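In this document, chain identifiers A, B and C correspond to the written order of the chains, with residue numbering beginning at 1 in each.
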């Protein structure tokens, strides 16, 4: 199952206000289990548009998006309950401020399940569970979401979507605005969620370091088109990054600079500082 | 006479918990100072104190030799400008032209002079083709550049950037950093509040805040040789330094790499 | 990217665009008074003709103005029929007896259902509407199946037709005048004009100085707020909040899930904006120079004279007639 894009294009309606960037003939698929995907691209490349096709918030102008067996096309199909599709594909937006609205954290998290007619008691149990999943304890249940720090708000908004138990979790720039420690905490969280539940996680991000360290597959959008679908290492080795307006991870940049200046041949494809250190030590020994 | 002189400043919102304590800081004209700190260390509060948006609980702040008081605020604000984090929440005008004009209108600058200055400063930030544009058609980076133009037009000598790039994508961020570098080359005193180490490396001097107090205040070259201090302040080291810390100081070949990494980090 | 036409302003050329907004504001008010003083249809038709001449002289597309009338079409229609049906002065022109009985009630319901079904498929909505009205009329007039529940005498008098035409033309003139104004004046210029006109009100304590700034800031944020509203709805829809379905209780919750974030974001915005404005030396109420100047030119003077002449003519006609 999962999601399958077939030659999907989106053009904003000509006479209306343009809300979303256009995308052209996108085809790829995302499995419902176990993938950790990064969706990257310059601002305006169509990443958000693509993401909103994944849970049927936007319908394609051409082509079809098959979401867990249901085909979403330009025309509204009365047989499909599009709302139900959003149970399978959970989309977390960039700013928790767009989502948080209740007086307590608990009430906000159960909003989702209640919309899907989950009984109140069950919803509350789920809230407690997802709160733990995002690394917050019981004491947060009765707190006012608006009194939380930026990082805590992000986690509550993620818990709110996890509460629907989606098979695929899509997150739009989840680490933006967080300090380096906050970024790491969140990414480790996603990794552990994936490890424990085997969900597929898709993150939209600009941070190539995180992409390299955590994800196993990268989708690159450029000017509305899908120009790359492969592993992060393949991306850094072969793709024209400057053309795609992407930068190299810091480790690669630094090792490249060392090689250039000191004439060494260190293997520059290292994900972490520790790996880079080892690579340098090896190269220096020759 | 220093450009900025902060003496024994403490600050609290509620009167009980101190957000900032015993802040002593002087900044000379033309310096580029990065103020680093974890979230909640009091960085933004310090920025607001410098432009008089907040009043210290105790201590004094002097801008260009003049003490900041409710009476001197209006005059002193002409010398110091601040670019905030959210590009949308500081764009006042209906168009780029109107927004750049805003500050000057507040200073009762005559109309002809305003028109000249708008053209001049818009060109400086590369927005002169877009003077008629509405903010909803601009990117975050463009809006920040308009903010800079508007502040420059008030003939400020000191510019504070309060996490001004954190809501921008990497391309816009780099663009903005290069504009700020140009400003610095022209003699403007820069205070950059950030938690991004890579950005902080543009500065000559680093001030580290930890839990409301000054933890470190030294020239970049000196401070970078004490990476433990950064860890203690809950800050990330630049990748080059992280790598460097794992290399031997004695092994000849590894030392070469170490030395290069110093250069790499110091040159920005 | 986003292009929202604020108000009805459409950039263009012509003398109407170059007039000072204050002239236009005062002109619209005075002309409206002048139109209300007119008493006969002929006078109104002449006035209407003058408005058309104004559009042509000002190089404004009549189609554009007509589009501005679209939202009020129903109001005009209603006014027209109201006068016709209920004005009972003058000679009787038409009299029809309409009746309501089980027969035509049943057929009427059937016709209504048929109309709604056909209307769903979209294309000929207006034609269908008129067909429905005609159909209902025929049923009420011609279909008589005992027992008669009630009868109604539909009377159209001479005066009724006259009055309905009169009122409709007057409405058309007034709406056209204000449409011309908003079409040719930038919202910010309009508010600046209003601000200057309101200066005298300072005497009774109304602070007009920052009025234009308040309005222009509000206008500036309309696209931003609309954009945010869409994003909030999308975020909540991702949690199953279906803004089109659900009973009253659900709908209330959904609306709250949209409004609370909007308000919170708005409050944060005002705080941050106030900080930014203050740091740029803004002091509420303090005198400020403006980048946009309003200047009264000879065109304004001429226009003012013409407007006053129109008013004088109206008053004269009223006094004489």
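The rule is simple: contacts are C-beta pairs under 8 Å (C-beta built on N, C-alpha and C of every residue); 3 or more make two chains touch, one makes a residue touch a chain.
If you're wondering where the values come from, they're calculated on a predicted model, not measured in any experiment.
For subunit B, the chain whose average C-alpha position is most distant is C. Ranked by number of C-beta pairs in contact, the top chain pair is B-C.
Centre-to-centre, using mean CA coordinates, subunit A is 45 Å away from subunit C. Note on chain placement: the centre of subunit A and the centre of subunit B lie 31 Å apart, centres being C-alpha means. Spacing of subunit B relative to subunit C, judged by their CA centroids, is 49 angstrom.
Within subunit A, no positions touching two or more other chains are listed. Taken residue by residue, subunit C touches two or more other chains at 1-4, 227, 268, whereas all remaining positions touch fewer. Within the complex, the subunit C residues that touch subunit B are 1-4, 188, 216-217, 219-220, 223-224, 227, 268-269, 272-273, 275-283, 286-293.
By the touch criterion given at the top, residues 17-19, 52, 55, 57, 83, 86-87, 90-93, 95, 97-102, 111-112, 115-116, 146, 160-161, 164 of subunit A touch subunit C in their complex. Chain contact summary for the complex, subunit B toward subunit C: residues 48, 51-53, 74, 77-78, 81-82, 84, 86, 88-94, 97-98, 101-111, 114-115, 118, 134-137, 150-151, 154.
Listing the residues of subunit B that touch subunit A in their complex gives 38-40, 139, 166-167, 169-172, 195, 197-198, 234-236, 238-240, 242-243, 246-247, 251, 253-254, 256-257, 260-261, 264. Looking at the complex, you find that subunit C touches subunit A at residues 1-4, 226-228, 230-232, 234-242, 245, 250, 253, 256-257, 260-261, 264-265, 268.
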